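Multiple structures are listed underneath, in structure tokens.
The same chain A turns up in both complexes below, where it pairs with chain B and then with chain C.
== the complex of A and B ==
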């Protein structure tokens, strides 16, 4: 390469991916929808942080002096809080779905984050170092994978939510601020449980891909140049398997939210704040009595987010997977 | 292509099989006569009377066995009436000696255990045998507590027997439940063939109630000898029905006892002796419960009880008319009952709804032994913060009534209007609650130790939605007086463990009465019963304990009722419990059944049932017209998709050929 030739400016991989992502119109719409959810979740979190005393979503409308009976009432225009009706405890469905979005995002992001972190790290280590490390990781994920998912989820949920883990969590503080006041034990529980149970798929994928990548010429070249193992792993191997991580993250995100719903439905999930899972669980008794609005509201919210994330995830795979280029 | 065709044929064949098997929906093929159909929610265990405690065994045993006394089938509040006793016993003046004349001419069921297979006549000796066997150590009775320390000499008799059996066993003898049973027991004696005398160790006013339980029924020695351990599956008694088939995991079939004694449905309109004091019999006639007065039992040919453990099928059995009674499972309750009324479907079918105030109380136990909850004013403030009407309307859908006292209405000791820490209309009184809270040392709910709102723990014993709602409501209500509540989810064993260790603050509990006497619930607050005993709130009030001890040896009398009321008042004042509601239990009865008045307390009501078989057949056919169109739609869809894919596959093949 000489100075005489003006360098052709290569398009960065991210830009290239975005160019290809953009081509799918529906994906763009879904991305917008997802952003809307994210914004909702963010504002719910901000409001919660600055709201002193009892949270508005936890107060019945009657308690606030609004003329709505302290029981399940159908959607009405009496007050903005009653637009989506009230729960059987007389609280605003709208506010609870709104706050549920935050819970879903916290669970989705942290749960999927933890799961992806574990899966990626183990997969990378196993694939890169092979031999005993690989055997150990394989042993671990085969064991986890051999236990039925839901049972493992439930068992862990019961173990984490009480006993030493919960006690330690409740005592954990940084500079006088207790973590448990910002992230309730129930949420923490779900995040940990989801993170610990759903990393196997990614781990397998990353391991296989890493095994392939580490034999490629450029890695061999780096090795012959005397680069350290860790540097090779993080600079050369990881970026080339990272598309798997991104795609898997989007899938885990949805799974995590769904798992929250399942766990809460079974009674071991979020308990101190409203969540979609709770509203869906409540519906099994309410629906027969003709109370459909909490289920509809939470169901639609869940459906929209799941759909958006799933579609965006698919489009991301198309955009990122090097094999699908053009 | 061959393979596809073969697959298709196999599929068709299996579909045909499914179709065929669903063509006979009658779950009782080949049944003849008027047979009652019932479902049992759990499996029956042993039918050997000393160990008969389980609910579902009782349901069966009450039709097969009889004792000296029985519950009156219609009178409410409950009353006892003679069964195999000719009349109510004569009691000696000191209340210690009960003499029962035994009904003559009553025969045991015909059974292989008797010589020639015909049942012999029941005598007082059979009662001596049966009652004594309850205390036989080898019978391992779950009902021994009924007689323990109450019948003269029974404890000593049992102790000696235990020692002797031990000696005999060390000597290598095999010992069964008959070993040493003939030893004399002065407390239970047959004076002659038809007179039984029971002498008590101390006055025990609840004694007669225990004689109406299945622990105290009569059965022949021959059956125990003949069947040995298998007696648990071969009950032989004197009841209106005898066992024809017993499959412990599937069903129990009972047929009518052809030699049943002349036991008749009470006929108060014509027989003055049947007009029990305190029984509003006219109401039972007017409201269609007493439909066959004066007729001889049994009114039907048999009973089939099926063990249907899952809620959904049990509900569907009833819905399609295949069982005659049902307590609607919780999840299907709304489909059957809306508010306090039947659902439109059930109402249009003339199903009869019996709503029974459950003999029991739901309460929030407060651990008075806890550092914080020991504060009586705090407990009072908590009690006042609760809106009881809301609880009834929203958490029980109206199927409960607010409990004024821990003793439910209809039981002696209940007092209307004394509830100092519940407002007159049972709503919450926040201002007064806050006053009391300030007196308790928590102004506005602020804990002076931390400067933050007081935090209390509420223990849940399960993960059901109902329990969560209950706890969340407690949290909402206590928040209104400035107190924060942490809801802790436990499994039932975990919660039990915490209670035994006194390591809890608040918990939602309920108590169902074993017999209609307030003593049964007051024992839960008796000081010496503290944890690990049944006094879960560790209530410790010497005055209460003294009254309890005083009342425990008194027989039912206005004096004893007064004592009960005083104790209930103490509980209301000291609030070891926040007494919540008395639940209502709903029972559904098909329109073709009559005569039987459902009860929660005993199972002797079943034998009063009459059946209109013709009506049942007609209605069951009417209700179960098969709906066939979904099958058509399914087949259409199935073959549509299959056809489509075959066409697609052929086209692709064709294209491939062209390309090649």
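== the complex of A and C ==
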């Protein structure tokens, strides 16, 4: 007796990629670690929104009536806030690292988001429309890429800080909610600078891939069905180059967080709230006085997040890149 | 080849014009009035006007642009605002310290990275491969600032193996640049190993390697005669592209160790808003980048006969 075969369910590309991703155990562990960081950042954000008056991370332990010295104290079990010691100003290292996670995520997500958005859009336009659009985009990215990265980063940071951009930032509001109330100028500065300087790699990749995809049969088929150019570009071409965007996002996320450290150290970064970059920058003077715990705590926090994202990024590339299949 | 070169050089000109435009707009227009920066607090109106005339700020944007292009072509950016010395002289002074740090660091770092990458791709999926790739990914996950801070604190401040700060011209430089070089190598080796490993693995997967093995050639000969020769193309082109960054220097390293090179010049210029120096360095960096990119492309084509230039 013949048995009717159940129809084979095609696996979606996302599920297929997840299956390949899952095979790498370390990648799964790193993804879990990343989720832990994301959760931490989320709770720091919630606490920040609901806490009124002086933030706890900005108060010294002595001010709160906790029996700890006014200056830096090594990690101790006197109080939970002192578990990771206190900074040279007598504030809790634990709380500052905790809040720094939020800053890192804001910088990473927004900075990488802006960079990827610019790179993807320009790359897609150049690759899809070709001709003059392509020439213009190519010219733009060649020019931006020619300016030494750190110089561009510094120059922009310098300009965003004091020029008309800062004025625009102060006045920008949506429905009575001012941007400046939710995002400090330092953070805004870093995000804009990172977004504007780091889109070139993705733009190049997306452009090249779009040029290939544009010539494929199914795109021609869509065209013969009378679909509009924009619809073809977003609905049919974009999904086929999107793996590049995802992989690049993870890379940019890491670069953004690392740039925060350097920019903050150079004095053009985060200033109104504690960040990992700030703690690492402060360590320059603290280390020589034997105060190593703020650097250790912020450094390890930064290392863990960067490592997790780097590894997940590598695994994503292996799982998503069709050329590496099998 | 000559035709290609001419074409590339012609293409480079609009790019550099664009860089000059961005630089001008960034610093002189979007950054606010540079004269208020130059003159400090509460300058008199007359002073501001004199400064405007001197820098040509009241001219229209196209006129300012032409003026700036003139400065670039003659490499005469005027005097630095904080030192009263011509920008050109400041550059000449900074070049030697920067190169004495960056060139050895780059050569040692690249050598170690290439050897490691060849080794691990040869013993692919072995314990060595796993240790090195894991080490590389861990290495690139540490902030560069931490390498410098901890290296300086531990090796110079605590163990006193190296001087903490300073520089000396001539042979005395060796003691001062040794630690920064060491840190630079540690910093860059991770990224380089990852890149070169991908390159080498791609090569090892090629048919000619299988053919060579099938002919019975020893593994060493396969690796060092066949694979290395073919890997050398991407390795050399990548190294060429890095050269401009050697000249602009690692400014973090230079600030931390007090090396009076171009990197720290840039840093002080930015923090003091010394615009002539910053603008000149931007143009210098961009020009070098463009030139070395052309060199890399030409090298690529000369070394790899499969590539035709058009």
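The working rule: the second predicted complex is superposed on the first by the 317 of 326 C-alpha atoms of A that agree within 3 Å, B and C clash if a C-alpha of one lies under 4 Å from a C-alpha of the other, contacts with A are read in each partner's own complex, and residues count from 1 in each chain.
Methods note: a contact is a pair of C-beta atoms (placed from the backbone, for glycine too) under 8 Å apart; a residue touches a chain by one contact, two chains touch by 3 or more.
It should be emphasised that the depicted structure is a prediction, and the values quoted were computed from it without experimental measurement.
Look at chain A after the overlay: chain B and chain C clash there. Once chain A of one complex is fitted onto chain A of the other, the partner contacts of A:266 extend to both chain B and chain C.
Contact with chain C, but none with chain B, is seen for A:280 once the two complexes are overlaid on the shared chain. Look at A:136: by the touch rule set out above, it reaches neither chain B nor chain C. Between chain B and chain C, more residues of chain A are touched by C. Of the two partner chains, chain B is the only one touched by A:71; chain C is not.
In the superposed model, A:28 makes contact with neither chain B nor chain C.
Contacts of A:89 after superposition: chain B is touched, whereas chain C is not reached.
Residues 158, 162, 266-267, 281, 284, 288 of chain A are contacted both by chain B in one complex and by chain C in the other.
For chain C in complex with chain A, the residues that touch the partner chain are 14-16, 18-19, 22-23, 26-27, 30-32, 137-138, 140-146, 149-150, 153, 157, 244-245, 248, 251-252, 266-267, 270-271, 273, 278, 281-282, 285-286, 289-290.
Residues of chain A that touch chain C in their complex: 139-140, 142-148, 150-152, 154-156, 158-159, 162-165, 254, 258, 261-262, 265-267, 280-281, 283-284, 287-288, 295, 299, 302-303, 306-307, 310-311, 314.
Put simply, chain B touches chain A in their complex at residues 331, 333-335, 338, 390, 393-394, 397, 462-466, 468-469, 472-473, 476, 479-480, 487-491, 494.
Here chain A touches chain B in the complex through residues 54, 58, 60, 63, 70-71, 88-89, 158, 161-162, 266-268, 271-272, 281-282, 284-285, 288-289, going by the rule given at the top.
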